[in-house]
Structures are given as structure tokens and as C-alpha cells.
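So that you can tell them apart, the chains are marked A, B and C in the order they are listed, and the count of residues begins at 1 in each.
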Amino acid sequence: MLVIVAPPLFKGGYLMNVLVFVGINTMLAIALNLLLGYAGQISLGHAGFFGLGAYLSGILTTTYGLNPWAAMPAAAGVVGCLAGLIGFPILKLKGHYLAMATLGLGIIIYIVFNETVEFTGGPSGLSGIPNLQLAGITFDSDVKNYYLIWGVTLAVMLFSLNLANSRVGRALRAVHDSEVAAQVLGVNSRILKVQIFALSAVISSLAGSLYAHTMTFISPASFGFNFSIELLTMVVIGGLGSVFGSFLGAALLTLLPEFLRGANDYDIIIYGALLVVMVMFMPGGLVRGIPALFRKIAARKGETGHA
Amino acid sequence: MQFDQILQYALSGLSTGAIYALIGIGFSIIYNATGIINFAQGEFVMLGGLLTLSSLELLKLPLWAAIPCAVAVSTVAGILFERLAIRPLRQPTPINLVIITIGGSILIRGLAMLVWGKDTHAIPPFSGDTPIAIGGATILPQHLWILGITLVTILINKVYFYHTISGKAMRACSYNRRAAGLVGIDVKRMVLFSFIISSAMGAVAGIIVAPLTMTAYDVGVMLGLKGFCAAIIGGMSSGISTVIGGLILGVLESLGAGLISSGYKDAIAFIILLLILFIRPQGLFGKADSERV
Amino acid sequence: MLEVSGITQVFGGVTALDDVSFAIAKGDITGVIGPNGAGKTTLFNIISGIYRQSAGTVLLEGKDVTGLAPERLARLAMVRTFQNIELFGGMTVLENVMVGMHTNSSSGLLACALKMPWCISEERRIRGGAGKWLEFTGIADLADHTAGSLPFGKGRLLEIARALAVEPRIILMDEPAAGLNSQETLGLAQLIKRIRDLGITVVLVEHDMELVMDICDRIIVLNLGRKLAEGTPREIQESPEVIAAYLGDDE
């Protein structure tokens, strides 16, 4: 699946800002897709890992004066370990129970953000987070952040594609299709699931850290249950198990509210409606549904053409 | 830490726990009949409260008429939900079911927001608000209403499931759907019934608690999740186990909030949820089952 | 090769297996037969690590493997196929077999994702190996088809190819002939013999008597959870207890 991305040189300032978000959301959608689309494990708490990455990096750089380039991997490391530890008990659960457990986890993390005011600044948020600096360039404008974020996003996309078509990726998809058959062939499904859970958490944490250093201000509101649902919607609408699908879903759901300016509150209705409609009519997501639709239309045209 | 304080927390915890129990039983009924966890369960709780509000204010109905009206409309919403979102599902995999019930719950919540706005609303208590003293603690009359109505609802449930044909049919479905179908039980109708009962129960729960905690378009989320927690503690039973689960949850939450910290109040329920799911997913009272290939 | 002693399995109030013991010699094709409900699949599930037995031991090449998880058993060169074929429907035929080579490869998660050179060359080797097994089972022409779209008979062959990719020393097949027509069953018999010729020990649960009598070196008969008889096909055919157990059963 070709990923054709040519960073356009828009000089439209505001659009740049939105595109930065598209990049971050794409990273998050891909992370969730690894878990949900390939391994088939539901997580409704991914906003929690996103938030942990943002807050850990933010706190390490503001309160402790650490260099952002050290804080980000440190945050990712902590989140990865946490996810690994929690992963073992949580991934023993399946289906609805796993969904609820991850939901609960996400909410607990959100509450911690709100309550540990000495560290996080509580509901008023954490500000003064430094921008990233590299080789004398400070990433403090939308255009510069655009290139930074998308550089990382493209790397994550490539990483994910490589993984999907490799030995480990196949083992993952096998576990999704028939866990018992995969086990019989020697795949340690338990460890694999935990590994993917941790990887997914690490990527989300990275996205969170980048978010923190780009926005310079974060607050718990961005990391709640609603955002976890948004991420889920992105992955489902784009198409489970497809990297390009994750990008599509992320792009759509980030750009959509922009076109619905003034209808700010209606976005949750639209997410809900989209989720329901997509699952019913296009369970494979847009990335499979749209080509299928075209094929159907073409086939019908073909029939009427050659009577 | 005086005894009076603890008693106070425990009593208010009991009444919240009763609400969780009602919601939890709603989850269990649908789960037992269909294998689906209805993420939208909390929204029916929300609808109960808000619809009562509208019946009182817009339709100017007296309380004793407003309540059945609200319950009825919520139940219709439940039926619509089952018909439109659940039944037509082509590939009922767990992931799809989770997503569709989440989507449905968001949709219902969004529509509620359109109709009633984002403010919180108050419903008058059923019989005034003069506090009643019990020991060194005080409770409000509404607390008694909650406990009383919960008890009545559970008794009605018991009678229905154990002494009526359709109730027994539903239990048969929950034990073995295929066998139930083979003896002539209309499984699809049982699914519908389970949604009807659950949404009605949810609405009742929402109505009786609304005078205490106010109601708004988004109360359903937390209440639903905590009701689910109660159901899990009770092992997804639609009877006394879930009631105990709800009461335990309510009391622990109330004690924790009062004695430890009120900010973390909501976290308590979820920590309990995670602990139970990790350590004893079949609930405190359930039996572990072995996998069959 | 495989030694099963005193296997007992109790589910709730039902004793599915009661003190079953037998030994399987290396390189044999052994059949496990018995009327429905005899406990054959339960026995397989215990040996292949999917169920925990209530009592008894399983020794594989002298090692105690009782209760080991299936993925450990695969690394000890034991593999099984399923009665209702458990294919990875979302992947291609070739990819299915490539998963079979999981234990014969080792690239880790990061190496794969970062496309390290040793991962690339191992991927080539996996692909080649998988292709070889597809040819062995005669379905190489279906390599790029989606596994979920295969007709049942081909799906069966795919599952066998996939199991062979593990390069097992013993393979347990649960009713491999179920759902196959007579021509496909003949093909299956040939395939199983060729598998044995590779030095792999074969144990199969089967209902198809013709197949069992034709290719098996030894047969074990289960009835109502107990071992009823054990011997060569000839001995089993002439055993009065076996005939009595199968009374009314044509083939």
C-alpha cells in the first residue's frame, strides 16, 4: 500500500496548525491500530498513554529542567514499562471485559492528572513547556512543527508497515484470527499481546510528548475518555488493520470539526453516528469500503453497458 | 474518625449503591440474554431523569404521572436502540458490538445535549427534604425512596423471572440460547424484552437519584460504568449478587471519598473494577468456568 | 516417542477420560478410534496442552510435558491440527504457512520493524520454506489466495502444510478426513504416508474406518472414556469387544 505523502508548502498559517494535529492524531491512530486492528485487542483508554507521555515530558522539562530530547525517551520508557506491567493481567481479559478494563484504566489516569496538582497543575493545566531544539533551530512555529511532527509520523507509519508484513506482524494477525491455532504453531500469544500493548503505549507516549512540546501547554481535558473514543472512531472509520486507514481516519476526524466551525458541540453526535453507521455498513472502514463501492458501481455500469 | 461520620458515609453509600445495583442488574439482564455488554446502559439512566424533568415542566404533569411517562419514553428509546443498532448488525463480533453500543451511547448523549442543553437540572424530591435522624447520622427522605423503590423493583424482577412464562423463557435463553430456540422460545423477542426491562430499570434508577444529585446530559457515563462495576462484582447475575455488588461499591466509594479524598472518588470504583477483573473476573460470587474448545 | 499414562479427565460430574494409557512408537502412524463421545478429542486436547488433565502424565520423547502450554510443545516439535480447521482467514495461504515457521525463525519485534538486514534475509528463508510445504501438500498454486476463501478440502491441506512448517517430529491430526469426499480422502492417505516417510510420527483421531485400517500401523480404541483395545488393524478388526462397541456402526 503506497503511502503518498508530499508535504505541501501551504503558507496558510492556521491550516498548518491543523495539519500538525493531523500528524499527531495519525501517530495515535496507528498506535491504537497496532493493538486493535492487527492484534484484535480493544483499548478504550489510549488517551491515558497519550496524556502520560505529555505530562511526564512536560513535568520533567519544566519542574526538573531536563532537556526535552532526554525527557521524551524517559517518558516513553516509563510508559512502556507501565504498559508492560499492566498488560499482563489486563490482556488476559477478552472482548467487552478488556474494553471496560482499559476504559477504567484510562479514567484512573485522567483522574490522577486532575488530582496531583503539585505535579501537573491540576485542571488548570501545565504551561511553560519548552519547545524542542535541534541544531540551533527552535521548533516554535507551526511550519517548523509541521515538518518535525510529520517526520516522526512518517517514520512511525513506515515502522508499522514493516512490522505488519514481518514474522511478528504475521504472528499478531494469526493471534487475532485464531489464538489457539497460533499457539499450537508456537506463537506465545500472551507475551506477544503484551509486547504490542507496550509498543502501542510507547508510540502514544511519544505522540504525547511531541504534543506537549509543540503546544507548550497541556491540560487534563485533552486526555479524557472522550478522546479515547475519538481515537477509536478514527481507527474504525479509516479501517482496522490498515496504516493508510489510520491516517485517513485521523485526517478526517481532525479536519471535520474545522469544517463544522460553530457546531463545536455537535462533534460528539457525529462521532456516535459515524461509529454506528460505519460498523453497520462499512465494517472494513473507508479504506476498504470506498474501493468496494467503486467496484460495485463499475460492475453495475459494466452490466448496463454490455447488455 | 467518629462512628457517626462513618455511619453517615455508609448510609449515603448504601443509597448510591442501590442505584448502582439497579443499573448493574440492567447490564446483567442484557448480557445474560444476548452476550452483549450494552455500553449505552448509562444513557437510559440519564434519560429517565431528564424526561421526568420535561414531563414536570413542559407537560406540567404531577410527579406520579411524570415518572411512568418518563420510564415509558426511556423504554421506547431502548426498543429503538435495539431495533436500529443491535438487530441489523451483520457481523456481531465483540469489537463491532462494543463499537456500536459506544457509538449509540454517544449518539443518545449528543441528542440529549441538543434537547436539554449542557446545564444540570434539579428535580424536586419525592416527599420533601426534612432530614431524618438515624443514630448520629442524618438521611433525607429521598434516600428512603431510593432504597424502597430499589427493593420493590428487585422484587418485581424476581417475580417476573421466576414466576412468569416469559421471565422463565428469558432465563432459559441466558443458560443456553440454542436450546431455548429449539424448544420454541422466540430468542429475538427475548432480546427485545431484555432491552425493555433494562432501559426501564435504568430510567427508574435515574429518576430516583435525580433529586439528590441533579441530572444533566452526561450523567450517564459515570453511572453506567459504576453500574457495570457492580454487575462485575456480582458476577453478571441479575439478582441478589449484583445488588450486594452495588451496595459494596457504593459504601466503599462513599467511605473512601469521605475518609481518604473526595477528588479520587470516581477512581475508587474503577480501581475496584480493575482489581476484580484481574483477580476474580467471575465476580465475588460466581463460579469459574473452564474453556471448551 | 509419546507415552500417555493414567490420563483422567473429569468435567463437573462427567468423567470424560478414565485412566487412559498407551505408548506410541516413533515413526508409526497410529489411529485413535472410538464411537462418538469416547473422549478422543478430549484426549488430544490434553496431549496438545489445550486442556489441563485431572490426573495422569504425558511424556514426549522421554520428557514430562504434562500440562505444558501449546506454544511450548511446538518448540518441542509437537504440533496438531483441528477438526474444524482453524485457518487464519484474513491472511493469504502462503502467509498462513509462514506463520507455521514461527518457531524456526527468530527476528524480534524491533528488528522486523526497523527492517534489519538479518530480518530481511530470514524473511526470504521463511517465504521459501513455506513455499516448499505448499508444494509438498499440492496447493502451491493457491499461494496468494485468501485463506478464508478456500474450499474445505483445500483448507484442510493448508492446515496440514502449516503444521508441517513447524518441522515437527510428531503431528496429531484431529479427524483430518472429516468433510472430505472419497477422492480427497485418498489424497489425504497418500499425504499422511509421505509425512511418515519424512520421519514424522503421526497420530490421528478418525471416524473414517477405511482410511484408518488402510494406513495405520497401530490402532487404539477408546470407548466411554476408557481404552478398550490396542493393536494392529487386523487385531482390532477381529476383536470381539471392539465389534461389540461398534455394534450397528457400519464404517
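Going forward, a residue touches a chain if its C-beta (ideal position, glycine included) is under 8 Å from a C-beta of that chain, and two chains touch if they have at least 3 such contacts.
These figures come from a predicted structure and were not determined experimentally.
S.K.: Averaging the CA atoms per chain, pick out the one whose centre lands closest to the mean of every protein CA shown.
M.R.: A
S.K.: From the centre of chain C, which other chain's Cα mean sits the farthest off?
M.R.: Computed centres place B farthest from chain C.
S.K.: Please tell me the distance, in whole Å, between the geometric centres of chain B and chain C computed from their C-alpha atoms.
M.R.: Spacing between the chain centres: roughly 48 Å.
S.K.: Quick one: chain A and chain C, Cα centre-to-centre, how many Å?
M.R.: Each chain reduced to its C-alpha mean, chain A and chain C end up 41 Å apart.
S.K.: Using CA atom averages as chain centres, what separation in Å is found between chain A and chain B?
M.R.: 32
S.K.: Where in chain A do residues touch two or more other chains at once?
M.R.: 180
S.K.: Return the residues of chain B touching two or more other chains; collapse runs of consecutive numbers into ranges.
M.R.: Residues 293.
S.K.: Two-or-more-chain contact residues of chain C, please, as numbers and ranges.
M.R.: 50
S.K.: What part of chain C is in contact with chain A in the complex they form?
M.R.: So the residues of chain C in touch with chain A come to 48, 50, 69-71, 73-75, 79-80, 82, 86-91, 95-96, 98-100, 102-103, 105, 107-109, 112-115, 119, 122-123, 126, 162-163, 165-166.
S.K.: If you look only at chain A, which of its residues touch chain C in the complex?
M.R.: Against chain C, the touching part of chain A is residues 159-160, 162-163, 166-171, 173-174, 176-178, 180-189, 195, 199, 241.
S.K.: For chain A, which residues count as touching chain B in their complex?
M.R.: 36, 40, 42, 44, 89-90, 92-97, 99-101, 103-105, 107-108, 111-112, 114-115, 180, 225, 229, 232-233, 236, 240, 265-266, 268-276, 279-280, 283
S.K.: For chain B, which residues are in contact with chain A within the complex?
M.R.: Where chain B meets chain A, its residues are 36-37, 85, 88-91, 94-100, 102-111, 113-114, 118, 221, 225, 228, 232, 261, 263-264, 266-267, 270-271, 273-274, 277-278, 281, 293.
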